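There are two complexes below, and they share subunit A, which is joined by subunit B in the first and by subunit C in the second.
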Partner chain A sequence: MSYIHFPVIAVMGQFLAAFLVAIFGSKSRKASQAITLIASACAFVLVCLLIKPVALDGQIISYWMGNWEPVSGYAIGIGYEMDALGLFFAVLVSFIILMSAIYSLRYLEHDEAVDRYYTLFLMLSGSLLGLVMTGDLFNMFIMIEIMTFSAVGLTAFRNYIPEALEAAMKYLVIGSVGSSMTLAGVALLYAQTHTLNMAQVAAKIGAMQASGGLTPTVVFAFGLMFVGFGIKSFMFPFHTPVADAHPVAPTSFSMVFSTMVIKAGVYGLIRIAYIVFQVMDKSSVQILITAFGCVTMFLGVTMALAQHDFKRLLAFHSISQIGYIITALGLGTALGLTGSLFHVMNHTLFKALLFMCAGAVLHMTGSKNLDELGGLSKKMPHTTICFLIAAFSIAGIPPFNGFASKWMIYQATYEKAVESGNFFYALVTVVAVVVSVLTLASFIKVTMSVFFGQLPEKYKDAKEAPASMLIPMWITAILCLGTGVLYQLVDRTLTAPAVAASLTPANYVDKMMGSGYAASFSVKDAVATAVQHMSYWNPVLWLTLLVIVMLGVFIVILSGDNERGPVLKTKEPVADGKYATFFSGEKYRHSHMGGSDLFWGFKHDMKPYFDFIEEKHSGVLTDYTLWTIVAMAVIVVYTFVFVK
Partner chain B sequence: MDATIHSVLSVNYVAAIFLIVLGLYTVVAKTNLIKIILGLSIIDYGINLFIVSTGFNGGTSPQFTLSELFSGQYFVDPVPQALTLTSIVIGACVDAMALALVIAIYKRYKTVDATEIRRLHG
Partner chain C sequence: MVQNMLMNLLHIFIFPGLLFVTVIGVLMTGIDRKLVARMQKRVGPPIVQGFYDFFKLMGKESIVPEAANKPAFLAAPIIGYVSLVVMVLFIPMFSFSVYSGTADMIVLIYLLTIPGVALIVGGTASGNPYAGVGASREMVAMIGYELPLILSVLAVCRKVGGSAMTFSLNEIVNWQAANGCALFQWALIPAALAFLLVIPGEVGTQPFDVAEAETEILEGPLIEYSGAPLAMFKLNTALKMFIMPAMFVALFLGGVHTGNVVLDVVLFILLTGLVSFITMTVPHAIAARFKVERLFKFYWTLVAALGLVSLVLVWFGL
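Now for the complex of A and B:
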């Protein structure tokens, strides 16, 4: 069949287009844009054509480069292997790349040398597609390196901004440590198993598991690769580069960075933990991953509450949502993985939309400071509606998609707590719910301070974003609602096959190395794949309720009086000054609170905690690398002591 | 594998781990960006030494034609050497990119001290 060539054509097409842009793009902006659009549209179509054979019919595509097939049970060539898990990520990557390419047409109109942007952009998309399709550990490392360094280059693209260079430097150093650790893990695995093919490594480790447990070398390799992919997925305490890179990077890159570059690390974690090492049935590994995820989501959201920069705030929310994903994938149950992968997709959609809205505001007003912006809903109605849809999704309001996946995650953690009788997982459920509430609070703050309230004098002539930016925004917004309402369809076509693929390493091994290979090494499928889906709620009823509530709110707003005083925006310390009037006093009866001060009471009460974390995020590179290396040491020691 | 090969390999592994740890120490302890980049390179060199050592078993060089092949021939594993070469090339590119960034940072910030380059924080 011809579709077995599609994965390789999709990857090679991106790299080929990158070189074409480098050659022909310097003369004309139109040429680089055209090449990028064609290449990303081709990749999207090719990947979508694979949904039918791979996800629905349950095939796995294997492809040996140069037709170097295994000889007497030994893989000697580089193999590409696309199962439903890889396909799930590939669909998301190619979709986001296409949206970002369309969005960047007008967004980059004020920038010089866009051919360099598009060259790096296509390298990034090629490496992301290659990463999720490859079946070879060293090839995976190469793809990670290309991904990291094109991402560093894109972060520093607006190199007239000093902060862009600073952020790129921090990302480079911490990302480089992560890549090195991945490479060291790959080398250790090679020393132990004498192969780089993931299927064959999985078979050998499966045999090891069946006969007396993992050797120390393999445990060490797992620890190092966990750190490596943990750094690539920016979980705590490796999260600092992502927060620094977002405010200064071009938004059309931010949306890819925040959605797919981070998810590449998540993909790596799922691939190595579930398929290569098959360690997810060990409770020590489950607790390790879940604990890191849990801290990540809490720290991310509390840091987001303290932010005044639109894009930096969204960056911390990315970290927080990644925490959800890592927590759920660490449970090791089918329901947890379903919730995790569903949240991967939902986060991709709504975070891309949030960044596109932030980018539209930045492009049309020139500001991303939450204290300066305000009242843009009248000037930018489309952006406002899109932003509201995305904010409802991320905050988990039914029937938007964020609710569906968060609901699965709550269920999965609670189910795990009941099953294992471990109090830790019950605590995780509580943290997940609290983080969701804080996310909602944070997005109320952003919505109020950017789109509602009073319009500052200097933004009187702000206009709506151009059509080429609104089109990808609306497509993503419709998908945010659509995947929430039609979650069963999405689950059937994408998520459930991906979960089944992650939980059946034997199929993965057999397709690559020949049938019967896995059984000869006694690779066993990790967990039973039956998933109890959330039959406890009906999205259509929630949608009806939401419409009724919104109508009610709208009527109340229309019937209310429109008298307004000035917004209090003095820059005095928190303890006194502008807040005094809210304790007592008639002085400013009609005064409004600035949007970014909405939760000042909460922040005032938790001041020691907020001061502590803000001081710890000192911005000094060596502090961040110290966190990285301490965490690395802790993880490696933990795996040595507890993972057998 | 005889005893001399074993001792040679032990030295290699110890040296590789020493280089990796030295590199990590440099990245954490030094605040000069150039030194941090040197630290990253040292980590890479340690890993390269480690990879190339995993393939060494005291055999001959893995270069031969089919007519020179005989049964029971003993040669070192060529795959780690290929990996090391790739890794060296990647490392060189990383260094070039990092140093280019340092030059650009120095032009804007007038310093290469990591503790002073902290406009993004909190």
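Now for the complex of A and C:
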């Protein structure tokens, strides 16, 4: 069978499996789990098989549903089109779906009616895959709707928790506003170009750009779709539903939510801005997107510092990291887009891992309160190591993957600043570095208050998570390190082709509408120049050095006084003796440092700011909706005034 | 091939790697202590006291507390030490540099955070609440000095790169060899001041030693450490005492040509010692410890403003 059918089979397989679970799943838990596992594994394999033809050989797969090919240059059927950009996201989606499916086997063991969970879960994964593969604007909107509504349903899956219903309600309202914006944008585009096929729309807009600029309708459509996908990616000020949704949603869904559902918005932004509208060479659009990204990353991380719920904290970090991604993709340079896409992948890996660790802690102890937990590293060593790897990755400590992508983002923003002479981008670089340090601080806080410190009495019997949860954790953890060290390999196979695909809309148009079509509408060949390769960061070299030096140090230490040795067995009881913790006479029970007790100096100095943002995050849905509407108005006015 | 490998090993283990930087760092702590003592009209320890301390600690028993996470507790000091040694290999000493073209400022700044993170992780892994307080303060200090540090580095990079972008320390040194020290560009003087003020914060010497603060929180993160791991942490501080001034010399006083590599290196070390004296010894002798919130405010207002002024000046071509 030819590989051109693979994308459609992957998408349809997920939807089919969803119906199968709905039919057979109510009888037995095993059946729904088996169907989900098989479907997600198949999708993963199918997508991975496409890496060779699409990413490495640079082909673009086009597929007309029901063989409705374009008639006299007009696309009338629904077309699927898979280029390297779509493939990049599809690989991530199917990987995370598979990991989440494995993780959920034991994680949902205390929940009733898991068939409903798996039905929605498969609908979600099918819609995500469909979203990144479709070549049709209206089909894209439908996929977004399926995605949003399955996500809302999954958020409220544990519907005996009142907060879950509240969170789902918030997500539903804000998400619907976003969907309506997208729909309105699609409708306007249809009115303007008389087609819904993205390739053809891109060609028509390309012609428009070549002959005297975009019409106001198209600009308006861009503003609306930017807001729509901005809401789907939860950038500031649309970020509010995320924070409420994560703490109550099942963790196996949280990890998909914070990695891939959010990235669906990012994918949409890249697709419309770079390919459909081809506006990324306009400095007004660059500043708009970068500014929103920059605010998002700073606000997200500072809100995260104020949290003491494990999963809510991670939710705010998702927002902050999305800020990095949006900032970098808004630069409109090849390096920026590379950094952005690489960060998309890294964030997917480490955030999934963080959520899995949080879920493991929650599952085994029943708590996600950072002020209560403590000292779990003795009880859950695997979870601790995985968490540390993920925390170092998100904080960007070399040689983990977060470092490589953040470093590209600093480089890209500063390069942009120097090239354009705009001081704004230099400040963006500074903010990005500071946010990185704050991220580190925030994860130190979690490490300290959950895994290290004193073990509270009530968690004396906590156990390590079961194997079906540890396996996906370890796979992702190894990938976090692997993609950091071998980032050049990853760049060659996934990100560089995706960047090249985003920067050459003409290829995308030609493949779908027949070659020469793009040229006849004068679609720009490349929006930005080719990727520059990093010369200064060579992780393999650094790592080799690190290992050699570390060997040297170990030799020095081992050749020293070995009789008493550096590592000792502990025999004496905790309460007294030399292996006890030194409390200086204080009572043991006062000794644990809870999450809220940390970083006093920083919080003290920044108190006005923290008070302000915490007051603004009132939790009232009408406030949040108001923010959304106001931001939409601002963005639309901005696009009208500045985007020509 | 073999010769090349031997040269690499020589660089890594003898000069300017492991052995050299350790010896020079420990000597600098000795000189620092002696000078502080003299300024305070004390006799002070001998200059090689650092070595005595090191060997004494290596011979002592290493206790891992019951509540500690043993792997993290023991690995932390070694990882911090190793990343510092690796950093030294990438700092060009005037005309002498081991791995040219690989010294990226951003990478160096990030590597520089690893010892701090190691101290925090090691301290928190010990399970002691005092260590927790210390680690928390270390983190606040880190947030504090990172902002001015990045501002002043960006200013230098902009000045050197002109209309092209560079983060390469080698290029910065070469530029200074052609155009004179960056310190003498008047627009960069605020950045240099900011960097000078960052140095003691990064190393954690008085008056910026909020994290260890013996008199308040009993050496904070180090409270449960003893024996060899404690010796390694002391070495980390000693290494930082060399590396931070060395970075300053490379960034702001680079580009001296004497034509002789040995002379260059000696001059580099002397300048480093001078910077270390100005930034660490003198404040240590005359100032009392900051409160932690004052420290943070100091860095994010005065020092960050200095860095920002420099960046703006350089940006608009001054």
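Definition applied: the second predicted complex is superposed on the first by the 583 of 644 C-alpha atoms of A that agree within 3 Å, B and C clash if a C-alpha of one lies under 4 Å from a C-alpha of the other, contacts with A are read in each partner's own complex, and residues count from 1 in each chain.
To be clear about the criterion, a residue touches a chain if its C-beta (ideal position, glycine included) is under 8 Å from a C-beta of that chain, and two chains touch if they have at least 3 such contacts.
Treat the numbers as computed from the prediction; the structure is a model and nothing was measured.
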{"item": "Partner chain in contact with A:Glu415 - subunit B first, subunit C second, else both or neither", "value": "second"}
{"item": "First, second, both or neither for A:Thr429, with subunit B first and subunit C second", "value": "second"}
{"item": "Residue contacts with subunit A in the superposition, subunit B compared against subunit C", "value": "C"}
{"item": "Partner chain(s) touched by A:Leu455 [first = subunit B, second = subunit C, both, neither]", "value": "second"}
{"item": "First, second, both or neither for A:Gly516, with subunit B first and subunit C second", "value": "neither"}
{"item": "First (subunit B), second (subunit C), both or neither touched by A:Ala187", "value": "first"}
{"item": "Subunit B versus subunit C as contact partner of A:Leu626, first or second or both or neither", "value": "first"}
{"item": "Partner chain(s) touched by A:Ser618 [first = subunit B, second = subunit C, both, neither]", "value": "first"}
{"item": "Subunit A residues touching subunit B - in the complex, by the definition given at the top", "value": "138, 142, 145, 149, 152-153, 156, 159, 162-163, 165-170, 172-173, 176-177, 180, 183-184, 187, 190-191, 194, 196, 243-244, 247-248, 306, 614, 617-622, 625-626, 629"}
{"item": "Of subunit B, residues touching subunit A in the complex", "value": "20, 24, 27-31, 33, 36-37, 40, 43-44, 47, 50-51, 54, 77, 79-80, 83, 86-87, 90, 93-94, 97-98, 101-102, 104-105, 108-109, 114-115, 117-122"}
{"item": "Partner subunit A, residues of subunit C touching it in the complex", "value": "9, 12-13, 17-18, 58-59, 61-67, 69-70, 72, 74, 78-79, 81-83, 85-86, 89, 99, 101-104, 106-107, 110-111, 113-114, 117, 120-121, 124-130, 132-133, 135-137, 139-140, 142-144, 146-147, 150-151, 154, 157-158, 161, 163-165, 167-168, 210, 218, 223-224, 227-229, 291-293, 295-297, 300, 311-312, 315"}
{"item": "Footprint of subunit C on subunit A - complex, ascending", "value": "375, 377-378, 384, 388, 392, 395-398, 403, 407, 410-411, 414-415, 418-419, 423, 426, 429-430, 433-434, 437-438, 440-441, 444, 447-448, 451-455, 535-538, 541-542, 545-546, 548-550, 552-554, 557, 560-561, 564-568, 570, 572-574, 578-584, 586, 590-593, 597-602, 604-605"}
